[in-house]
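For reference, the structure discussed in these notes is given below.
Labels for the chains are A, B, C and D, by order of writing; each one numbers its residues from 1.
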Amino acid sequence: MKRHRTPAPPEAPRRGAERRAGVNRFSAWLRNHLRVFFNTLGQLYRAPLHALLTVAVIGIALALPAALYVLLQNTQRLADHWEGTAQISLFLKPSVSDDEAEKLAARVRGLAGIKQARVLSRAQALEEFRALSGLDQALAALGENPLPALLIVTPASEEPADAEAVLETLAALPEVETAELDLGWLKRLRALLDLMRRAVWLLGALLCSAVLLIMGNTLRLAIQNRHEEIELMRLIGATDTFLRRPFLYFGLMYGLLGALFALILLGLTLGLLAAPAKTLAALYNSSFEINGLGLNASLGLLALGALLGLAGAWLAVSRQLKQIQPG
Amino acid sequence: MKRHRTPAPPEAPRRGAERRAGVNRFSAWLRNHLRVFFNTLGQLYRAPLHALLTVAVIGIALALPAALYVLLQNTQRLADHWEGTAQISLFLKPSVSDDEAEKLAARVRGLAGIKQARVLSRAQALEEFRALSGLDQALAALGENPLPALLIVTPASEEPADAEAVLETLAALPEVETAELDLGWLKRLRALLDLMRRAVWLLGALLCSAVLLIMGNTLRLAIQNRHEEIELMRLIGATDTFLRRPFLYFGLMYGLLGALFALILLGLTLGLLAAPAKTLAALYNSSFEINGLGLNASLGLLALGALLGLAGAWLAVSRQLKQIQPG
Amino acid sequence: MIHFDHAGKRYPGGFEALNGLSFEIAQGEMAFLTGHSGAGKSTVLKLIALIERASSGQVIVNGLNLAALRERRIPHLRRSIGMVFQNHRLLYDRTVFDNVALPLIISGHGHGEIGRRVRAALDKVGLLNKERAYPITLSGGEQQRVGIARAVVHKPPILLADEPTGNLDPDLSREVMELFRRFNQFGVTVLIASHDLDLITRLPYRILSLKAGRLTGERAALTA
Amino acid sequence: MIHFDHAGKRYPGGFEALNGLSFEIAQGEMAFLTGHSGAGKSTVLKLIALIERASSGQVIVNGLNLAALRERRIPHLRRSIGMVFQNHRLLYDRTVFDNVALPLIISGHGHGEIGRRVRAALDKVGLLNKERAYPITLSGGEQQRVGIARAVVHKPPILLADEPTGNLDPDLSREVMELFRRFNQFGVTVLIASHDLDLITRLPYRILSLKAGRLTGERAALTA
């Protein structure tokens, strides 16, 4: 450029130079991306309150299904803890002693289709019954323990049909008075978890669309806001790709930050709920503690946020930019 | 105005006329408000997609705490249905016949501090026990009914201290073997409902601030978007009140519509959840059905929406408008 | 009507745009303000409408001492001034009619009166047929005239114009000046910033010349 | 370089802004377009930059038949044109430097080269000292010159200007015209819409006169 250092005379268009500058397409592309990336960061930094507002809104929208997911996971865990899988309760005849019960258990474990079998002695049965029903004193009032010993058997397969088959085999054993497949309790749990899962999906879908909407709306307004700039840029030859890029970065960044915000929010909420949950668990004589989202799900949330931000931006931008034409 | 009908000559400023127009301040005020109101409606009508987006976002944010509130109300109702209030279970001695139990109940009803007393015969006790524990077959296995008859007494006061006093009196009765105050179950329920209430408040607070944020953000961008218009308006003598008004209407209207959207969303969600909830209830042999938000709470939600919209608008507008000055 | 008393304006950044400027324009007078680009013409007009505040000296407009005027009373001042802006400042999402109606809407006039006055103003600038058009569909000169109609529609006692003929061809420029003259004949105080020396020296009005923020010359009004 | 062949433009609403307009401007030529307000000067420039499409006839620019040019190729066309707009069209939230740098950023030039070229362009319009200022702090004439710097910074083969001297005083107007002349001497094809007849008739270039969308007169270039 040395030859242009003389002050006054205007520079003629050097088409060769134009072309030379155009040769390294990749470096121009990279330069553009970097510029936009840092511009976006700069914008966030210069208008931190605005950025925070948008990020907070997105964060809240993402935090809610995540919170429900955590609730679902914890309930599931609680349920597993209580019940494991389908169980068969073998009520043994009163004549069967605890020793004989143990032997029976060993025999049952050897049968096909059985995963596990354990003895619940008469004393233990009373204890468990008490804990489950909460009617301690009522049972105490009974004086003598009316409960028989039990054999709790876990079938290898959880398919109701397989479990029924196992049940029939076991019911035929001479020591067994009655055999009961705990499908009732299982059904209830399943129904409950089903309900929750449905709610999570419903809420998740709702709130993901909310994030899309928020993102779209924010960007729609941001684009309208820069209406004149975009019009001018078109006039001096900016391509659609060029015009779109900063908004896509914007969406991506906001989605990502929103997800981060959601994670923090979730952490705080779980912290707040930990104490009452512990109290509740203590009432049930359980050492149950709420688990957080975990690393994988957290990363998933971040990815989801970024994706939703980008998608929302894309939707808004493609529609909007077309409409802004110099006139 | 007749004398100005001649086409060409420009009209001199008639200060008298200015003043005359200014006399009826109230009609000018009303006219301004009506104009802004219809302008806002017109804007909604002309950009229905944009309006719908914003309304949907606000609606979702309002629907969530409302949904949790509905859940809380229903759980409360379920709990009331099951347990009513603090109850004292009097386990009667095995020697007491059902007849004698009825007489005892009549006597207990006469005592001070007692709201209600009913007999649960041995057969009924077994039935209820079965229903609550879900262990039908286990109980069937017992053969003979091991349970005593009960007297279920509701104290007039729900204060634990009062209930304890009543308990002591009743425990002293000769027919009574053991007396139990059902505080355990009550405590659990209370802990659970506490947890839920806390969650509702937490979520409610979170999402109300989200609505404020969304509203503020939407308006902030809307104002920036009309930057030039506002600058011009200031240049030709518009007051702050005048400039603020359309945005406040905007916030009010969007908040109100958002709340309406939330109500619709809630209705749809409850519709979707009604079937599984019924299935769940059927498993518990209950005819429980989910209740909606109710008229009062619905109106409350609408009011809340309007208020949040207005407040969000006010916050955004006051800050923003000051910053836009012709330069 | 407009009185500058050793008024100075130093912009943030330290640039001294006006420097001890003193002049007076009587009620019902018409005057031109001229000078090279950057001389401070627009700044003078901005001080009058309180778009900028003088950093020294006094400016008195319509009997109000602007330095003492509280923020809340600024709209009141501005309603007594009609301004024609250098770059039109039309709202491009509203029709010509709605643009011109703005000053009346702001002061809360009735529907019927707004219609009458707006049409009268558009008639005066020869754009009655463009009433329903959007500014973007008008040529530069037509937009300028919409701006003039807006400035006079509420019959302000003071009219300020910043290079109102910058975008007009010579014929139109003369017409527009004629329009301002007629407003002046009806008693409006008119101050016009312009560098179209050819045009303004031919007119019999007073001409104030600025250079680097100082009054460097003044041609008195010619008697007709 | 620019070839109009019976080009017509009917705006939505039915207004016939141009009507069977034919003319040709050779590569390296400089010409003026004149005519009263609303004659169609801006419309001609808009057709060249494809801001509007001709509704009849043909427009060929830099060898491209604009009627056949696909939407995606429009940026390519516009990068070969430098435009000076009637109302500046500066971005008021960016410094003068950043405004002038826009065309270079769009085509992905390197940091160092942007700096060099922008300063060279600002130097040419005499605003090197305002590099870091925001447009709002500039006078109307200074803003106009920033617009000119932006139009030439990427050295386009074609330069269009829509009333580039509308807001300038006579001295500055002459200087700006001189600037355009020098660009033309370096081979740039220049077309300027203007109604400053005083100024342009004194210059030796071709003058095309429009009236109601038709070519009504043409003054050939004077030999110097």
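Please note the rule applied: a residue touches a chain if its C-beta (ideal position, glycine included) is under 8 Å from a C-beta of that chain, and two chains touch if they have at least 3 such contacts.
Just so you know, these numbers come straight off a predicted model, no measurement behind them.
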List every chain that touches both chain B and chain D.
A, C
Could you tell me which chain lies farthest from chain D when each chain's centre is the average position of its Cα atoms?
B
Between chain C and chain A, distance of the C-alpha-averaged centres to the nearest whole Å:
63
I'd like to verify one number: the distance from the centre of chain C to the centre of chain D, where each centre is the average of its C-alpha atoms, in whole angstrom.
29
Provide the C-alpha centroid distance between chain B and chain C, rounded to the nearest whole angstrom.
57
Touching at least two other chains at once: which residues of chain B meet that condition?
327
Chain C touches at least 2 other chains through residues none
Among line, ring, star, complete and other, the chain contact graph is ring
When you check every pair of chains, which ones turn out to touch?
A-B, A-D, B-C, C-D
What part of chain C is in contact with chain B in the complex they form?
49, 51-52, 72, 75-79, 81, 83, 85, 89, 91, 102-103, 105-111, 113, 116-117, 120, 123-124, 150, 152, 155-157, 179, 182-183, 186-188
Taking the complex as given, what residues does chain C use to touch chain D?
11, 13, 15, 35-39, 42, 86-88, 133, 137, 139-142, 162-163, 166-172, 195, 197-198
Mind listing the chain A positions that touch chain B in their complex?
50, 53-54, 56-57, 60-61, 64, 89, 91, 129, 132-138, 140-142, 146-148, 177-178, 180, 184-185, 187-188, 191-192, 194-195, 198-199, 202-203, 206-207, 210, 213-214, 216-218, 220-222, 224-225, 265, 269, 272-273, 276-277, 279-280, 283-284
Chain D contact footprint on chain A (complex, rising order):
1, 4, 7-15, 17-18, 21-22, 27-29, 31-32, 35, 228-229, 232-239, 242, 326-327
